[in-house]
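See the structures that follow.
In what follows, subunit A forms one complex with subunit B and a second complex with subunit C.
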Partner chain A sequence: MEEQYRLFKNDLNKFLEILRKSYPKIIGPSLDSEEKEIFKEITNVNELKLDRTIPLKPPKEFLFPQSEELFKFSFKERKFDLKDENFFEKQVLFALRPCDLTAIKYTDTFFTSNFIDVYYSAKRENSLIIGIACEYPSNKCFCTSMGVSPVSSKGSDIFLTNGGTFFLVEFLTEKALSMREQFAGLLKEASLEDATLKNRIEKRTRSLLLEEFDLGKVGEGIERIYEKEELFRKYSDTCVMCGACTFDCPTCTCFDVSDKFLDKDSGKRYRTWDSCSFYNFSLHASGYNPRSRKVERLRQRIMHKFNYTVKQFNLWSCVGCGRCIAVCPVGINIKSIAKDLQREASNENK
Partner chain B sequence: MKTNNLYLPLPSEIIEIQNQGTNIKSFLLKLPEEINANNIMPGQFFGVSVFGQGEVPISVSDVFSNGNSLLFCIANVGTVTEKLHSLKVGDTVGIRGPFGNGFPMSSFKGANLILLCGGIGLAPLRAVVSYFLNNIDAFGKLEILYGARSSKDFIYKDELRQWRLKPNTIVKVSIDKPEKEWKGNVGFVTLFLDPNFPDRSEILTGIDREFKQTKLLICGPPLMMDASIKMIQNINFPYENVYLTLENRMKCGMGKCGHCNIGSKYVCIDGPVFTLDELNQLPKEY
Partner chain C sequence: MIVEIEENVKKLLKKLFKENDIIISYRNSGIPEITTPFIIRSKNEIDYISIDNFCVNNLSVYLSKFQQSEIRMPVNKGRVIVTAKPCDTKSIIQMISDEQIDKDKLILVVYECDGIIDTKRLKRVTGELRQISVSDDEVNFTKLSGEDGKISLHTVLRDKCLEGSCDVPYFFDYYFVGNEKRFKERIKKRSRPHQLPVQNLKNKAELKRIVEEELSKCIRCNACRNICPACFCSERCIFDKPKLPVGFIEKEVNLSENLLYHLIRFYHVFPNCTGCGECERVCPQGIKLSLFYKYINEILVKEFGFSAGSTDSVRQPLLSYRLGEDLV
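Entry: the complex of A and B
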């Protein structure tokens, strides 16, 4: 069992200040000017909001920004110079819930398989991830159906569990353990009853989730669901292909690459988030489009999350955060799609 | 695992430009020192950049290891390729690669090769022809079956003439619609596989009637690929010996940008070459 300590909430500011010495930028859950939950840079402990549902936008943008420079180019006569001078400031991603921790585990796997994506990896290596047990699920949440426990610390360097006047703190990785001495004065001995704290919170959070289904049972049947277009038509008919679901998804990683002149002789190449919902996403140079219909593009998003990445990495690329449900302008609900898949797939398996 | 930054192109000077058919030019580029010519396989591709415009994925048409140069054949179909077509000898472009699996050439040794190509689809297969000619004793016969929309749309015409004169090499061409001065075959290129077509593939008619010692390599536009697959089903050619190279949209070449994703595969790293057996396991999204 990992070593556990109590960090009293009165000391949280000191804790953050110590963190800041090694990681100047601290990103955490807060509120925007319209009082909506958001991840942003925290300069003062009072800005942290830990008693809310998850921010609508995931912390993905701090590891994989919506727009990111790859390099600068400049022309000298008929030759060119390239400069890859992206600078990564060390950052803490503070108080991420298990859904977002699980998503980062997925993006870590994705961006480092086969070829290493240097831009993601540089940010990831310079980030310390601090997770927190989830006590405030929304009515869109279904993490447990995707195999994520609300108190799972997997994917974090340090994990916090709310104990009322204190946080139970676990140091889980080398990165975190190497810092532990610096917090020595703030870390108090955990009491015996703390050992059951996570269990109690897990039970309570699970009871707050509206429903739970077991997608693990879909098995081989999901392969044949691809052909059942009517299953996807039910949802794609109303879809406006705005791509918001993919942008707000913590595991969606697709991007486009573009060039831009900054002046007459120089410019930059940069990448921006792209979406499989967009017609142009799969358009060939010849003008042919293998996913020209809406139903084909919606099916791509769903099958990618619930089937393709399982085959590639043995991981679902849906973590049940429910953000795509919250953001969809026409009320498409991935939870009901997942339940349809589960039902149809189990019929196929019979 | 490769850790260097593969998003960064290398500078490459244009050595020679030739017109090839309608709206198509071939570019001979200097091979950057960082890239080993021996590591480039037929069927692989490079990202070719014109800075300020962007990058396009282009298959390797030929590798000249002695001259340290690379040949690409590029149709003017978009903003990047339009800019490429305006460049002159001595200009510099950026290249990244090679990417993709390429054709498993060493596993083809001992077999006959049929190359079924449509239009600019000869571009990646030209590298196969060169590999064959450089290792001619290792293979059986080579048959190039090449169709184009019109007589103006053939690429590498000079090379086609030269290949006809090489040992163990058969070249057959066809155009889609009749033309006044054209005395050769007329009809879609898949006709060459049709048992009832008079000028049918010589390998399939005579040399390997049982389809046991022949690999069929296909590249062309999606319609041509679909027609080829139908013909292959009709003549019962074994799917595991059919190799198709795909041209899905792609931006990174490393399985990251997501554009070329088909099922659990990425065309840029798992392909662009797939056997028909492998394609049949995937959604029809190519």
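Entry: the complex of A and C
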């Protein structure tokens, strides 16, 4: 078992101040001017809001920004020049829930397995991830059905569990352990009953979830239901093909690379998020579009979440955060789709 | 929603439905406070229809020619039957006026609506919900923690419903009313004067500040464009047209590109904007889009005496002229 310490909530500000010495930017859950949950830079401990549901926009943008400059190019006096002016400030992603931690584990795999994405990796190496056990699920959450425990610390460097007047702190990686000395004055010994704290919270959070279902081996039968278009049509019929679900998804990593000329002989290359919902996403230069109908585009998204990445990385790329349900303009419920697929897949397997 | 209405609507639909017809209505999504649009192709699906106080979507978006081709509506054979709230009929009228809908193939079933719940407002009051039901003017709910509670429907309605501009449907084939007396009382209780929240937009510096503040939040997910019943170009939309070497608009998300996106959309859409408020509702970033549309619509009413969706016989002022008309 990892070593656990108590960090009293009165000391949280000091804890953040010490963090700030090594990581100047601290990003955590807070509220915007309209009292909506949002991840933003925290300058004062009072801005932190830890007793809300997850912010609608995931912390993905701090590792993989929506628009990101890759390099500048210029062609002057018959000389071609490339310049990479990227600079990453060290940052802490504070109080991410297990769903977002799992999502970061997935994006780590995506951006570093077949190729090393230098832009993502540079940000990732400069980030310290602090997780927190989830006590405030929404009625759209289904993490446990996707195999994510609400108290899972996987993917974090430091993990916090709320114990009322204190946080139970675990240091999980080398990156975090090397900092432990600096917090020495703040960390108090954990008591015996703290050992069961996580279990108690897990039980309570699970009881708050609207539903739990077993996706079983949905990945296996799903290939045979690929052709069953009417299954996807039930949902794609009402889909309006915006990109809200993919932009607010913590694991959607598709991007598009474009060039922009800043003047006649120089410019920059940048990348932006893209979405499989968009008609242009799969449009070929010839004008042919293999996914021209919306049922094909919705199927792509669903299959990518529940099947393709299982084959590729042995990971589901859905973490059950429920953000796509909350953001969907027409209320498409990915839980129902997953359950439908599972039912059909198991019928096919028989 | 009034219980009898749902039953009566279903009964009527069963009677109306013929082969090749399509019904556009609502069903439960599996989340207590979300009712989702529902496209019906066979008679036995009619039983799954659910009409309640969460039917927030303006279904007229599915009537555009683009959407019809996407969901393979039987353009030549069948009819399209759509259930609509009185406020949504405005959008449908405007689409008929803009020649987007074949009036002869459309059957419009309108029902009395006692107000749609604003889920963001509801969440602020009740927190996360396990169950919710509305009877008369009372909302009964169970929180995720199992705790029960009730509140008055009036306190969680959308602003639009509180303004009470929805009492008379402008156009319909069938109109269901629950109890006329009760309905009138309810409307009276709800009505509060229509406010223009944009007085300060008249100040140019303030307008600039608000525009910049709001539009810099945009992530260009296209939700506002795609949900908008007045925005019916879809596949031929200027933003989707690939133009080499780069598109009409840069993919980069920053204030200047966002401004271009919203300004173009604004100029395309405002004359047929009926103020349904869908763009603002669906925005994941919470941009107050209807602020700008409301503002310009007030001007349209004042200068041209035109309000989109009020009639299908008058062309919108920016697309038509009368002989002998003064040049502005």
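Following the convention adopted for this analysis, the second predicted complex is superposed on the first by the 346 of 350 C-alpha atoms of A that agree within 3 Å, B and C clash if a C-alpha of one lies under 4 Å from a C-alpha of the other, contacts with A are read in each partner's own complex, and residues count from 1 in each chain.
Here, contacts are C-beta pairs under 8 Å (C-beta built on N, C-alpha and C of every residue); 3 or more make two chains touch, one makes a residue touch a chain.
All values derive from a computational prediction rather than experimental measurement.
Visitor: Answer with first, second, both or neither: which of subunit B and subunit C does A:Phe278 touch in the superposed model?
Guide: second
Visitor: Figure out whether A:Ser258 sits in contact with subunit B (first) or subunit C (second), or with both, or with neither.
Guide: Once the two structures are laid over each other on A, A:Ser258 reaches both partners.
Visitor: First (subunit B), second (subunit C), both or neither: which does A:Asp248 touch?
Guide: Once the two structures are laid over each other on A, A:Asp248 reaches subunit C alone.
Visitor: Is A:Val240 touching the first partner subunit B, the second partner subunit C, both, or neither of them?
Guide: second
Visitor: After the superposition on A, what does A:Phe88 contact: first (subunit B), second (subunit C), both or neither?
Guide: Neither partner.
Visitor: Go through subunit A and flag every residue that touches subunit B in one model and subunit C in the other.
Guide: 256, 258-260, 274, 283
Visitor: Residue numbers of subunit C touching subunit A in their complex, please.
Guide: Residue positions touching the partner: 29-39, 57, 61-62, 67, 70-71, 124, 128-130, 144-145, 219, 221-223, 225-227, 235, 240, 242, 245-246, 250-254, 278, 281-282, 284-286.
Visitor: Tell me, which parts of subunit B touch subunit A in their complex?
Guide: Residue positions touching the partner: 1-9, 11, 49, 51-56, 75, 77-78, 81, 90-92, 94, 221-222, 247-249, 251-252, 254-259, 261-264, 269, 283-286.
Visitor: Per the contact definition, I'd like the list of subunit A residues that touch subunit C in the complex.
Guide: Residues in contact with subunit C: 32, 34-36, 53, 56-57, 66-67, 136-140, 208-210, 237-238, 240-244, 246-248, 256, 258-260, 270, 272-275, 278-280, 283, 293-294, 325, 327, 329-333, 335-336.
Visitor: Please give the residue numbers of subunit A that touch subunit B in the complex, ascending.
Guide: These residues of subunit A touch subunit B: 70-71, 73, 75, 78-80, 82, 84, 110-119, 226, 253-261, 267, 269, 271, 274, 276, 281-286, 288, 290-291, 296, 300, 303-304, 307-309, 311-312.
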